[in-house]
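Same chain, two partners: chain A is paired with chain B first, then with chain C.
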Partner chain A sequence: MMRAHEIIIAGFGGQGVLSMGQLLAYGAMVEGKDVSWMPSYGPEMRGGTANCIVIISETRISSPIVSCFDSAIILNQPSLEKFEGRVKPGGLLVYEESAVIQPPTREDIEILAVPALQEAMKLNKRQVTNVVMLGAFIERRPLVSAEGLLKALKSVLPERHHHLLPLNRQAFQIGRELAQRKEATA
Partner chain B sequence: MISPDTTHPPHSLRLRSGNQMMAEGALQAGCTFFAGYPITPATGIFKTMIDLLPARGGVALSAPDEISAVAYCIGASMRGAKAMTATSGPGWALMTESVQYALMTETPLVVALVQRLGPSTGGATQGGQGDVLLAEYCTSGGYTIPILCPTNARECYELTILAFTWAELFRVPVIVLSDKETGMTIESVDVGSLPSITSQNRPSNFAFRELGGFRQNERKGTYYFDAIHEIPVFAPVGGPRKVTATGSAHDKQGRLQKNSPETLEVLLHLEQKVRWRLDDFAVVTADLQPAAGTLIISYGITARAARDAVSEARRMGERVSHLIVHSLFPIPVKKITQAAHNVDEVIVAEENMNGLYRSVIDRHLAGKRVRGVNKIGAMITPQEILEAIMS
Partner chain C sequence: MKGNEALAEAALRAGLQAYFGYPITPQSEILEYLTEHAPQRGVVVLQAESELAAINMIYGASGAGARVMTSSSGPGISLMQEGISYMASAQLPCLIVNVSRGGPGLGTIQPSQGDYFQAVKGGGHGDYHTIVLAPSSVQEMADFVFEGFRLAELYRTPALILADGALGQMMEKVELPKEGSLPRTDKPWATVGKPAWRERNIITSLHIEPEKMEQVNLELQAKYRAMQKEVRYEEIKTKDAEILLVAFGLAARIAQKAVELAREREIKVGLLRPITLYPFPSYGISELSRKVTALLVVEMNAGQMVEDVQLAVSGRRPVHFKGRMGGMIPSPEEVLEAIESIAESYRIPAFERSM
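The block that comes next holds the complex of A and B.
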């Protein structure tokens, strides 16, 4: 792993963008990495755009903001337009397929389209779309072990939602498999 | 959002926001009273205090507005409690009248001011460092109000404890000036390694009679001093002795008076008790390089970008020093002039339009080329500071 990995996660408010980032940060911290999670969202209660920058580092993090990202996880069209150009060459862009009308065009980065919403709907729980995305991302960039993330999930989810843990595990696994399958066909 | 930890990661690491750490620092300092009104991006402090303080035997109140919030705190402090409120720019605008009252009545008070983009209600969820002078110069007369400025979650904890110590020892309002990114960014904090000190207590009639080498005459009341810079011994409202408090000009007994020499002496005293201790108030992190041609001065969230820019510049062979100012006011003049001693050029990086802090330290940097890296609406990146260093 590189000394520091900088990730932007962006979409609409309510899609689980911020929680996804916290999951990653928590999972990485448990594994002994230095982490930072910086949220950015509009003043609206819902429907506005939201993003967070997560940095996972072997060494101490200073600035929580960076100009370019190693990875981007994108959950809507405006975010794709905003952040596609800011992925470092050779970096990774994962996007939710149904939320994006104009797919990314860059050829110097790795691109992965994930039908996460569709898979979440199959589980009758659209709220786990973000966890499917996270599974796909982790398959391509194993910054945190799957075990670590699932442990983080247990800590991050309030106890009253703990009955949803198996469903989230399943969603995470589906995400990983989707990424594996894309790899096979790519 | 992250709920309280149920597992224990290695080395007592926890994910914490600056806001949470500021609240935890206040608890560690012995804060027993909090009143606030929620406002982004300071709400995390409000929420954490409401969650944690009552369980520790303190009082945490949700006030009907910011004016009430700070007034509750001043009242509680006059009774003897260590009190804090938290707000952002628009709430601070409402609090300034009462903060002057705290200054005038020598009431210890800590205000956490988490900056967002202004003016007016501005950008509720956007960061900024635009309240630096609004915070400092909120009094008629321009009295020096100590301002501490953390750059990360851990410093939020440490500097809040220090803010209580200053507020209590010197009987002044003290501001902890944070910002949206410092307050709301979550990062790993090793809570096992946090300092276990608490804040010091105000000089009290009953426990503390000696301060700065001056023996206090405890019978002369809660505003009495001999030497102009002396801190009067505190007597609580509702305690055994009569306490008269007024925001109007008053004599050393707290009695309202017009323009008597003693009243003017009290007004001078309010400033001199801080001025006389300038060196005690200087808190900086100096990363100086011999023979550096350039000095970067930064504070708050921008200091973190500056630190990255400085290491990158050094990697490229530049000789550059870096001074992070944690105590913005009173201006740590000696530390700044020492750091700038041999450099030709000083670059002050701050997230505001006109270089607010630069405008007040400029006069202490005579003979140097002083310029700013400034920006509004988004954080200054390491790259932008690096470009300034290299140009």
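The block that comes next holds the complex of A and C.
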């Protein structure tokens, strides 16, 4: 049985860090898991740092705040510096390739660099960078089914943005494929 | 749902009739949610010009028999204390929500439990208490609104929900209580216009003759004694515990994680989580303290609840403390370290311990 899976998602405000976490939590909740989503809620705004802790568990979650993580999804350099050391040995670190100048160096964890921004730009929508990241993450850690996540997206996304659902679906798929390809070359 | 939103929706389902408040982080979502969702459900929502005005509007609406709520965070709750004391004296029910933040002073917007003393010892002037409920999950943020209104009306007293910024901001799975499941109570004391067949109702906290004022105090004290039966707490893995953790609210969740980590290391630890902070589960703590070697209180403050735990333990066992202040949250690992150092320092052979 899966124990709790503890995830940190961190980057700049405006990159969709908090909504990525909500998507994960909501998707897992719909699939019957216990979930918690704890945002950093300092005076952050677009351009400031933002992060959230998402915990997905088969059993009741005790602390929604933890300091070591099974997985980290990183969208900027400061966050990488802050959280690389806090991924548990054997854990997973996924980072956005172009946002990180000095890549992670740990050898006891699984590291996946994802050119998510580049792919999102190809879709002419840099806002879906986070969804590409999420696709890559889910490929490596299938905590939630792709269908569950896309269903969650529909509930989380305000109705006026529902025309963007197909684009998000595409971005998610690209993320998964990127992770698959990396696996093949690794 | 966010804790603040769950609480606000629960208030509507609990038959809230009026809300008066003033925005302050980290609880502004309560006011925002109610502003958006309450008017079409026939509920009065008003952003007052200050917390002082808000609590006095609460006083007035409660006097007229309405089910009323206000919410704020530390600095705003301090401003409300005069009104809360008046309401305690005038025996008026209401629900006050403190989504607390790091203090003292204007402090920080990060979560804290530094308002413990203010919440459980009365907070304002005079001999009074408010009922204090301490949620530790988004589910309880919703549930305790019902419980808070129920107890406030049953005892004709202000009740307070003492949450913190993290509980307000975090999202968790929540099953919202059913609409209309909290019936309206009779309020024959309410000032709603005097019919010919009865004397007029007077709601006041002013009694100039000390004999009369002492009488009011005696009534209040009798009420606080009666309230003791409303004590609620939760025990986790206490059966075979040698070290007992005591923590409330978010700190209890962190302490619970520390208990899990300590149990993996075969240290027998349990947790007692006070759910009502007033009345305080003194008896439960006292009874459990007989069975353990030492206690550890975990809080997000300088150790305010330690005093109440020590009173309950009455010197029978040592009471340790682990906490962070000013909006910092102790990590489960920090708490584990404290547990390990206690386990280390009391390593007494088993036969001696049973004496």
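Assume the second predicted complex is superposed on the first by the 182 of 186 C-alpha atoms of A that agree within 3 Å, B and C clash if a C-alpha of one lies under 4 Å from a C-alpha of the other, contacts with A are read in each partner's own complex, and residues count from 1 in each chain.
Throughout what follows, contacts are C-beta pairs under 8 Å (C-beta built on N, C-alpha and C of every residue); 3 or more make two chains touch, one makes a residue touch a chain.
These numbers come from a predicted model, not from an experiment.
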Mind checking chain B and chain C on superposed chain A, clash or fit? clash
Does the superposition put A:123 against chain B (first), chain C (second), both, or neither? neither
Which partner does A:29 contact after superposing on A: first (chain B), second (chain C), both, neither? both
Chain B versus chain C as contact partner of A:19, first or second or both or neither: first
Go through the superposed model and pick first if A:146 touches only chain B, second if only chain C, both, or neither. neither
Scan A:39 for contacts with chain B and chain C and give back first, second, both or neither. both
On the A-aligned overlay, A:164 touches which partner chain: chain B = first, chain C = second, or both, or neither? neither
For the overlaid complexes, name the partner, chain B or chain C, with more touching residues on chain A. B
Both chain B and chain C touch chain A; at which residues? 22, 25, 29, 34-39, 41-43, 61-67
Per the touch rule above, chain A residues touching chain B in the complex are 18-19, 22, 25-26, 29-30, 32-43, 61-67, 151, 154-159
Quick one: which bits of chain C touch chain A in the complex? Just the residue numbers, please. 25-26, 109-110, 165-166, 169-173, 250, 253-254, 256-260, 329, 331-333
For chain B, which residues count as touching chain A in their complex? 1-3, 5-7, 9-11, 13, 15, 40, 123-125, 181, 184-188, 301, 304-305, 307-308, 379, 381-383
If you look only at chain A, which of its residues touch chain C in the complex? 22, 25, 29, 34-39, 41-43, 61-68
